[in-house]
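Some structures to go through are shown next.
Look at the two complexes coming up: chain A is in both, with chain B in one and chain C in the other.
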Partner chain A sequence: MRGLARLGPLWQPCLLLALLGLLVHNLANWESLFRLVQPDTRQVIYSRDSFSYLLWQHLALVGLAVVGSLMIGLSAAILVTRTRGRAFLPLVNQLASMGQTVPPVAVLALAVPVLGFGNPATVVALLIYGLFPIVRNGIAGLQGIDGAVLESARGMGMSAMQILWQVELPLAAKVILAGVRTSTTFAIATAAIGSTVGARTLGDPIISGLINGNNAYVIQGALLIGLLAISLDALFSAVDKWLPSTH
Partner chain B sequence: MIELRRLSKHFADTTAVDAIDLSIARGELCVLVGTSGCGKSTTLRMINRLIEYSEGTLMVDGRPIDQLDAVQLRRRMGYAIQSTGLFPHWTVAQNIGLVPRLLKWPKSKIAQRVDELLNLLNMPAREFADKYPQQLSGGQAQRVGVARALAGDPDILLMDEPFAALDPITRSNLQDELLRILHQMGKTIVFVTHDIDEALKLADRIVIMDQGRIVQQGSAHELLSQPANEFVSQLLGKADRGLKQASLRQVQERMQPNIQGYQSEQPSISAKASLKQALSAMLWHQQDYLWVLDHQQQPQGLIELADIIPTKPQHRRPRS
Partner chain C sequence: MADSRSDSVLPLLSLAAILSVLLLDYGSVQANRIVAGVGHSLWSALGSGLATLLLLSLLAILVLNSLPNLSLLTKLKLARLKPHRYSKLYSYTLLLFLLLQMPFGLAWFAAIQIPESQPFARAAPGAGFWLLLFFSFLMLLELQRSTAHRHWLGLGIGLSTLAAWWLCLQLGWLDSLALVREYRSQQGPFKQALQSHLLLVGGTLLLSALLGGLLTALILNFRSLQSSVFALLNFLQTIPSIALFSLLIAPLSALSMQFPWLQSLGIRGIGWAPALIALVAYSLLPMVRNCTVALQQVSAEVLQSAQAMGMNRVQLFFQVRLPLALPVMIEGLRITCIQAIGLTAVAALIGTGGFGNFIFQGLGQAAMDLILLGALPIIALAMVADYLFSAAAKYWQPGVSHD
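Up next, the complex of A and B:
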């Protein structure tokens, strides 16, 4: 365990990611295990795509969506916390909450006619759904900075841009990160639904298993999605510990 | 150096500063005093344009400040505030080096400046440079705040109640250090406080403000001997006025250079002590004279009660 301890807060996500890799590459070899769940079915290992391919697809969709949410959400949070944008603060708050209340399935259904089947519609749905925690935490993080710090930053002669990049964003980083963490967890879980509109994700085995009454497929998909969510959450937790405390 | 002419600041429906005139000479320590809401902080913050004034003119070095770039202007003025406003995610050294970095000094010069300032403020660089603000005591944080304000070697220093949140002993130490540093550097300082004793101790000139106007300005002596109105004498602490005045004078100004009969076991006082301290010592020892010693504990002279209260004959109590 000493070797693990040397990795500091990183050992936990490393361990989980290693486990995920192990599962992705070896799940197909554990046929006898899944045979126990589904004794009467001819095929018990999902094989239309490899699990590693689905994992990368899933991750790519989530990554794109979260980066998109972060860029749009953080920009919005920054804009409405400037003096000039303050009037839009309630509006943006409301829009973000609305994005949260609309179920992702509905967003998917609405996105498909515009963007067609497949990945783009899924990314957009995830992005809109993931916006809220980022906007909310972005605003909270930026507004939570000690007024005296901002006053002295201005008084020392820092420009507005310097204050934003060197003072505000670093001081809000922990809170913003917590938003990204929530948003990522949502996205990992929700991306599976993308499989219903033709995106390739780890939801494929689940959907296929539900349609064909094959619980082994469902378990395979759910296991990988669950482990992926836990691994990334642990990674965020490690990054959070690594960020310097600001209070 | 700093010229305020008929300067006003109106907020929505109130006038925070009402057409004040004030000129602050180079190298002067000017203290703005008043109760809260009197406009002293607003006045200070108009000088570095954290607040834009509504009417009048404000000139620094003969140039109206609205013609200068606000960001550039602020880099030339040190700024220290009560709550320090240190950046919690930066070390002490990074905090102090802020303005030199903004001014694009070379790295080695910044490091040298940071060390120099920390040592000047009695905070050994080796011990404190890499600490974070939350690891400092209130007094240490305030020192760093002052060091940060001085770092860019500004001609002008603006200080908004920098010592108000400190305990009396730390405050008094920092005041002494500030005076020592300023005498070395010759900066022009505008200092805001609500503490009249702090003003009396530090100021070359005291500016008393009330309801956005300047009520009276002058040296500590001028204010104590001729308060312009009831408000000023109240602020100066009516009943304590005599003692306050006595605290402004040093024993060496009034002592007699007479050391005949000096005995080291008798009560004594430092030549640099104030007359107030001398009075207190006399009361304590129940004795109407004290021996005056220099900093090497050598006798310099004698001070008697009559030296502190040199009453003219007509002011003596009539005896029958």
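Up next, the complex of A and C:
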């Protein structure tokens, strides 16, 4: 237990990720267990792709999309909170909050007529949808900083760039992180539905199980996706605790 | 006093609109449902007359709103350029024209580009059209920001645009539009999808309001429960929807095997039962969080003074606490409703029907128009729900009279 305590807030995500790794590598060996769910079917373990391949594929899609939304969304948030871009602030803010009312599955569906089937369409849909929470939280975080703090930073002779990197972004980090966390949660869930537009993800066993009436496949996919989402969320929660509180 | 910098938004948006209608296809024509469409530029889609008119109105918006930015000219005393007294009115009129011409333009496009010899050919709006719609909408938002009575104005413009589309549809002018063709062949299923979508969302709202109210009452009476209830609801919210739907299939089908009377109620492993359970589970977080926060934030002084006026507990709750908390509680309903509309679409995968059905069927057949027929109504439903609940929250804002 002392070892766990030394990991601090990280022990929870570490445990969950270890469990995820265990499941990914051993799910295929538990045939007799899944036989209970689906006694009459010849094959009860999803075998078109290995679970580890699907997990990495899922993670790659989510990772690419979230990094993309963070880069674009944060840049946009920074631009509209500078003096020169402030004219765009109300419009961008309003657009981001309206974007969040569009259901993610609709964004995914609309990406197909434009980009075709497969991984690129899924990544772009995840990226676009992920922008909204990051832009909103980015703007809220950067605007929530006490004006006196910025004034004193300027008084110390810091340049605009220094203020941005050494004062504003660190102070807004917690709020920005919350936006990234929301984006990631949506991305994991939507990437799973990406299986229907031809992306290879952990949603594959679920879709294939639903089409063929094989509940064992469905459970395998759902377990892994659920555990993936929970572990990453725990990881974000740990990082959030590790960041110094700004208020 | 208008800040000169704040006027750079509209010119930039109109410039973007001009570029997108010039550089991208305004529409495309398909010989039938499956073959790829042939793209048409603005000129060939609308004919030179309407195309010129459209470009000129965009250009006019650009110029009208850039005048105060051309400070160089003013400095050189070449001209005394001030924002025109009516520049906003003109911009509104031009935008209204841009929005209203859309259905007529598409009808005209179908009329001039679809040959009589091809009765099954369908016309579809292209990227240029969609971007023009998007940028016009943004310009409208930006114009509205600095206008009095903006809500009525926005409502008026929105309604007249809808009326124009309705008129063109009624007259049959848009019949060869791909989406209309698709709708006509799916009329029965479409009505059914709308019904089951609304039913599931409505059921979710009702159930989660009841359950959420109960949970909120529990939390308010037993403060120690608060953190554990929220931890549980947060946890539920993290699980991806498709996983939660799927994990409910096996236990529910086992239950209905065990108790046949459940089957007669329609409770099976797939269908509305797992969907409704999962939807309510997701809805509880926004519902309970907003209700709790709203009721807790009513200040103690207000409650004390109401008590001092001789109100009893019931009066205190219904006449003071609830009305003060109502807007935030309605906001919870808004989030719940929008979320449920999107998740119901995903639930089509486990056989609940609804608009998600068209999306997944369309994806399966690679029929893009069928995908649109599912996705666009979902977005429209979410927008309408957003508008209605926001309006309701504003209406019940305490301290606003409606005489």
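Rule of thumb we're sticking to: the second predicted complex is superposed on the first by the 247 of 247 C-alpha atoms of A that agree within 3 Å, B and C clash if a C-alpha of one lies under 4 Å from a C-alpha of the other, contacts with A are read in each partner's own complex, and residues count from 1 in each chain.
Everything that follows uses one rule, which is that contacts are C-beta pairs under 8 Å (C-beta built on N, C-alpha and C of every residue); 3 or more make two chains touch, one makes a residue touch a chain.
Everything numeric here is computed off the predicted structure, so don't read it as measured data.
After superposition onto chain A, partners chain B and chain C are found to sit side by side with no clash. When the shared chain is aligned, chain B comes close enough to touch A:V167, but chain C does not.
In the superposition on chain A, A:P13 makes contact with neither chain B nor chain C.
For the combined arrangement built by superposing the two complexes, chain A sits at the apex of an angle of 90 degrees to chain B and chain C, based on C-alpha centres and given in steps of 10. Contacts of A:G221 after superposition: chain C is touched, whereas chain B is not reached. Contacts of A:P113 after superposition: chain C is touched, whereas chain B is not reached. Once the two complexes are laid over each other on the shared chain, residue contacts for A:A153 go to chain B alone; chain C is not touched. Shared-chain residue A:P103: touches chain C; no touch with chain B.
Contact with chain C, but none with chain B, is seen for A:A192 once the two complexes are overlaid on the shared chain. Put simply, more of the residues of chain A are touched by C, taking chain B and chain C as the two choices.
Here chain B and chain C sit at a least CA-CA distance of 8 Å once the structures share a frame through chain A. With the contact threshold set out at the top, not one residue of chain A is in contact with chain B in one structure and with chain C in the other. The part of chain A that touches chain C in the complex is made up of residues 37, 84, 86-88, 90-91, 94-95, 98, 101-106, 109-110, 112-114, 117, 185, 188-189, 192-193, 196-197, 203, 206-207, 209-210, 215, 218-219, 221-223, 225-226, 229-230, 233. Residues 146, 148-159, 162, 167, 170-171, 244-247 of chain A are the ones that touch chain B when the two sit in their complex.
Looking at the complex, you find that chain C touches chain A at residues 3, 5-9, 127, 138, 141-142, 145, 235, 237-244, 246-247, 249-250, 253, 269-270, 338, 341-343, 345-346, 349-350, 356, 359-360, 362-364, 366, 368, 371-372, 374-375, 378-379, 382-383, 386.
Interface residues of chain B facing chain A in the complex, by the touch rule stated above, are 48, 50, 71-76, 79, 81, 83-89, 98-99, 102, 132, 134, 145, 148, 158.
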